[in-house]
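As structure tokens, here come the structures.
Shared chain: chain A. Partners: chain B in the first complex, chain C in the second.
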Partner chain A sequence: MTDPTPRMSLGVVLRRPETGSFLGLATVFVFFWIFGGANFASPNGAASWLNVAASLGIIAIPIGLLMIAGELDISIGSMVPAGSMTCAILSGHFGLPIAVGIGAALALGAVVGLVNGLLVVKTAVPSFIVTLGTLFAVAGLLLGLAVIITGTTSVKLQAGPEAKFLLGHFIGGVFQVTIFWWIAAAAFWGFVLHYSKYGNWILAMGGDKVSARNAGIPTDRVTILLFMCSGMSAAFVGLSQAILYNSAQVSAGQSYIFNAIISVVVGGVLLTGGYGSIFGIVLGTLTFAIVNQGIYYTGFDANWASLIIGILLLVAVLMNNTFRKAALSYAPRKGART
Partner chain B sequence: MTIKQTLLRLVVSTTALAFGATMALAEGKTVAVIGGKADDPFFAKVKKGIDDATLVVQAHGGTVNYLMLQNYDNIGGDAANLVRTAISQGASVIAVPNWVPDAQDEAIKAAQAAGIPVILYNSGGGDKARELGAINYIGNEEYTAGLAAGAYFATHGMTNVICVNTVPGAQNLEDRCKGVADGAAKNGGASNQLPLPASAFGDPTAVAEAIKATLLKDTSINGAITISAGDANSAATGIEQAGLTGKVALASFDMDGAGLDRIKAGTQLFAVDQQPWLQGFLAVTMADAYVNYGLAIASAPVLTGPGIVDSANIDATLAGAGAGYR
Partner chain C sequence: MSAPIVSLRGIAKSFGPIDVLHDINLEIRAGEVLCLLGDNGAGKSTLIKLLSGVHQPTSGEILMDGQPIRFGTPREAAELGIATVHQFGGTFPLMSIGRSFFVGVEPTKGWGPFRIFDRKTANAVAVKALQGFGITRITDGDRLVGGLSGGERQSLAIARAVHFGARVLILDEPTAALGVKQAAHVLRIVNEAKRRGLAVVFITHQVMHAMAVGDHFAVLIRGAVAADFRKGEKSREEITDLMAGGETMASLESSVEGEMAAHAGQARQVI
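Here is the complex of A and B:
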């Protein structure tokens, strides 16, 4: 066996798949540092985009894995409010212990994920359509049940100190505890994708599902598991928001669909599947959050916010693609010293 | 409420749904109501008024057909399409909020040309109703509500107010923020709008952080008003995160349980209420009375707001909220 450790030269670093994502992130950060002034770079300013990135990131990672495996889950747009409403109705409206609300919300996420996964696997209908169906189905079910059970679409929730500490408090007064859940999720998924057999399976499934199955990969089981994880992640974000904001609304969450997909793509995952990394998705989420929140620290008229967001995201993705091409097309000569 | 009662209500409402579908086939006047998503906490109360009014319509042998927007991405165009849907379904009378007059006026005129009277509710205003020849306008005048909010801020010492708009471009919300600005200006204050992009809509953290950043950037801001009750929950967190609780007064257009609790606790200054239940109830009953019996209220417009909910009347309001009417 030859020396497996890559030599750390500039050329090798530049050809890492994450380099493009990182440069995209650095570009937008410097942009807002220049135009945003001292407040943007302060801890409170950092909290602005870290808090937004954290809840988005927890959802974006399993969505990214699904996209790497060649699938898509847009039912998360309903699962976020379903998670928060389930928790708020059980623990707020009925006054059950918060653990019951949390458990039920996660279980609901798992069940919806299971339904998504089974439908995708058994019917071979594209997952975009299947999850589009469950997106509306869950939204309708949620609204109907919420109105029948509580008579309203916005439910209060006063969580106890333990739940607040774990899921809904601000560290140092500004950083949401969700950031640590995001880090934990990233570490867990990073291990799964890059160091466990499941990682290679997921990448192989996105590359060519039929070959992957022929090679003995249990593609059905992995697909179903991934859908369950994305459902549970969305429910988790929902319930932690309910605990953090002391209330849950039926309608919140649709923007997560698009925002999560954007973060994943900015993070270098191919829309066609088969390529991507957890670190890249994390960087993509951070980029998206900085672009979205940084604007409020600048002196620009907020009417132009969407324009600037659009242009900066394009710049970030173009930079990413340029470097990914370099990374994919370059192969070091055998024995070459770079 | 016990689980048993809940199940019973589930069964009852499912049965009612099935009955409603059957009745739509029967003879009688059909009141078509175009409205917002029922999962929008505000429109849920309008819908409750519509549902209560449906009993009256049914007593007169008619039916109510609620045509709901699926989302608010293209609110004017979608509402105009729903008006045309109501025309093609042969509605006897149409109740519709005129959210984006430029997009909807044409469809409303088409309905009138087809001999279907139209009543405006929730959005549009009295002038628009008169211009279009609608039966009446029932609801809030957003600009007037904004004026009241701006004046309340300024007379209570908040002289630099931001109006947080999570759906910039919608006429009723623009009017609210313009009213706040004018109301504040008349009383020696000032107000600017903070429009948020669509990518923040529905993400409470994104809204909270945007408000926090704005407050940190401009430390002279001492008041914030949000265009919806849900956004006020985000704004409360944003103000707290900026370390400005007590320095930046919070207010909201419309209200929900968490907002009422804040007013009770003193962490929110006030809420501007437009009594949505009345809008839904009156729009449908008046449309029904007009199309069946030619009855019409002489006062025009019929204003259901603005009402200010603050520490002075919070207890009575909480009682109404408990019953699901506010």
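Here is the complex of A and C:
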């Protein structure tokens, strides 16, 4: 994010929403570099946490946008396996072209997002409850249909070379191609949130939905679109994993719910909405992935990773409060308050 | 005296069986401050909600420039130039001044899908509008609204309404949550809005603040206009008495004292 005004004083840096998350990332990186040794920072080591960060990050960005707009979507926990199963059943079990499987998986994500969005907008029930409902509904539907159609809960999928190249191969043998999709998603959403007028709408909706609507923002439409984007992103991650690992399972996505929320909050997004940045979410995702994978490079038992993530989350929330206060009290001149 | 911008004729409003307002007749004129006074529950909020399109009257009519009109939604009222500023002014504390100023009407530059929010223009316009209302302390449109003082936030909201062509400015208890200095500041801005030819509806229950800026006063008691008078026609004591429900403050005070004495007696008995 370039600042047109050429001032890079401490105040300018401190009031950026991602300052806290950057410090968090630097801390865990240095920690695991010291305790994990050279392997952690080697290409193989970097790939292990970048791969985790990429799939998580593609989901965390739309989740973060929903949180900035004052909503939450936990149905992604079912949308990841739903995306991979849809793709695998259509293109693997029935042998249809891979494009059909990919299109259907994305369409399913859009439909579930549309249902989430419509329910939230029309009923005014908190989105946590609405998407908790669709989380279980989609999981149940997926399990039931998978057993009826294929007789099993795990489906094989052999994608062609083009699909493999675009969505499911390892660059240099270690880096998943999803890393590039993640970078593209971050660039796209970074433009939307920080440079287009729609970003202003999303921030205003999270600040005060009623005022935003009175100011002429189509809040219902934006909410529904954001839910559709998060559903499609989760389905995308699901289908690319099915193509990468040549198979899909019914139960492989619940961990994304909390991991995405942790990444977003560690990335400096305010839980109550109205504040946050894409860059921060990317940093938060990296931080989470480094702790999650870095533990294997240290001599510690892997069980300690959850403890570190828990503490990290609490510290991040407290730090974010501090930096937000700094942002609010920022003034260019030390003038007397009137 | 200029022709009224908005006239209320025999307005009544009930929510189910409860009559909140009855037979309200008021005129709102350009370059004038109409002070709506009244105790809590007198119907002030309902009246401004009718004016700003949140509710529709049960009977009676609202005229704008002499023509009957219906404000279906707050949006419609805003488009016709009726702007409402609530107690805490800016409602997006974590947005920058420039961004919050242009919520919903963002200036953009660039081309096609790459149109970007024109932050420089937004900040410059917002800061200029604020400075036009005498807030010279603010020079950086990137500052967050939440970092402004209460009076500055009110000023920002008023400057925004004026910038986007408001003709009628409804200020809902703008000074209620402010200290003495901040309140004086907001009153100066109300005067500035009046000088620019806006019609201002100023809702308050602080008589001093009303008298400082008001040209025309209406006191609401239990949903009806109990008094309608112009500047200088009534003293501060008379207005305070009116607001207290027609009783004199003196009799209210004596009844409070009587009650306290009675309670003191009870307390002694309990002990």
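Here is the rule we go by: the second predicted complex is superposed on the first by the 311 of 338 C-alpha atoms of A that agree within 3 Å, B and C clash if a C-alpha of one lies under 4 Å from a C-alpha of the other, contacts with A are read in each partner's own complex, and residues count from 1 in each chain.
What we mean here is this: a contact is a pair of C-beta atoms (placed from the backbone, for glycine too) under 8 Å apart; a residue touches a chain by one contact, two chains touch by 3 or more.
Remember, predicted model here, so these are calculated numbers, not experimental data.
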| said: After the alignment on chain A, I want to confirm one thing: do chain B and chain C clash, or do they fit together? | reply: fit
| First, second, both or neither for A:Ile183, with chain B first and chain C second | neither
| request: Go through the superposed model and pick first if A:Gly216 touches only chain B, second if only chain C, both, or neither. | output: second
| note | Across chain A, the partner (chain B or chain C) reaching more residues is B
| said: Taking CA centres after the superposition, what's the angle at chain A between the directions to chain B and chain C, given in steps of 10 degrees? | reply: 130
| message | Looking at A:Ser329 after the superposition, I want to know if it touches chain B, chain C, both of them or none. Which is it: first, second, both, neither? | response | second
| Where does A:Asp208 make contact in the superposed view: on chain B (first), on chain C (second), on both, or on neither? | second
| task | Would you check which partner chain A:Ala46 touches, where first means chain B only, second means chain C only, and both and neither mean what they say? | result | neither
| said: Under the stated touch criterion, which partner chain does A:Ile309 make contact with: chain B (first), chain C (second), both, or neither? | reply: first
| field | Contacts of A:Val100 with chain B and chain C, given as first, second, both or neither | value | neither
| said: Minimum CA distance, chain B versus chain C, superposed model, integer angstrom? | reply: 32
| field | Interface residues, chain A side, partner chain C - complex | value | 4-5, 15, 191, 195-197, 199-201, 203-204, 207-208, 211-217, 270, 274-275, 324, 327-333, 335, 337-338
| request: Can you check the complex and tell me which residues of chain B touch chain A? | output: 1, 6, 9-10, 13, 37-41, 44, 71, 168, 193-206, 208-210, 212-214, 216-217, 229-230, 233-234, 237, 241-243, 256-258, 261, 324
| Which residues of chain C touch chain A in their complex? | 74-75, 78, 91-95, 99-100, 102-106, 108, 115-117, 119-120, 137, 139-140, 142-144, 146-147, 149, 151-152, 181-182, 185
| In the complex with chain B, residue positions of chain A that touch it | 39, 44-45, 47-49, 51-52, 54-56, 139, 142-143, 145-149, 151-156, 170, 173-174, 176, 241, 244-247, 249-256, 258-259, 292-293, 296-297, 302-303, 305-306, 309
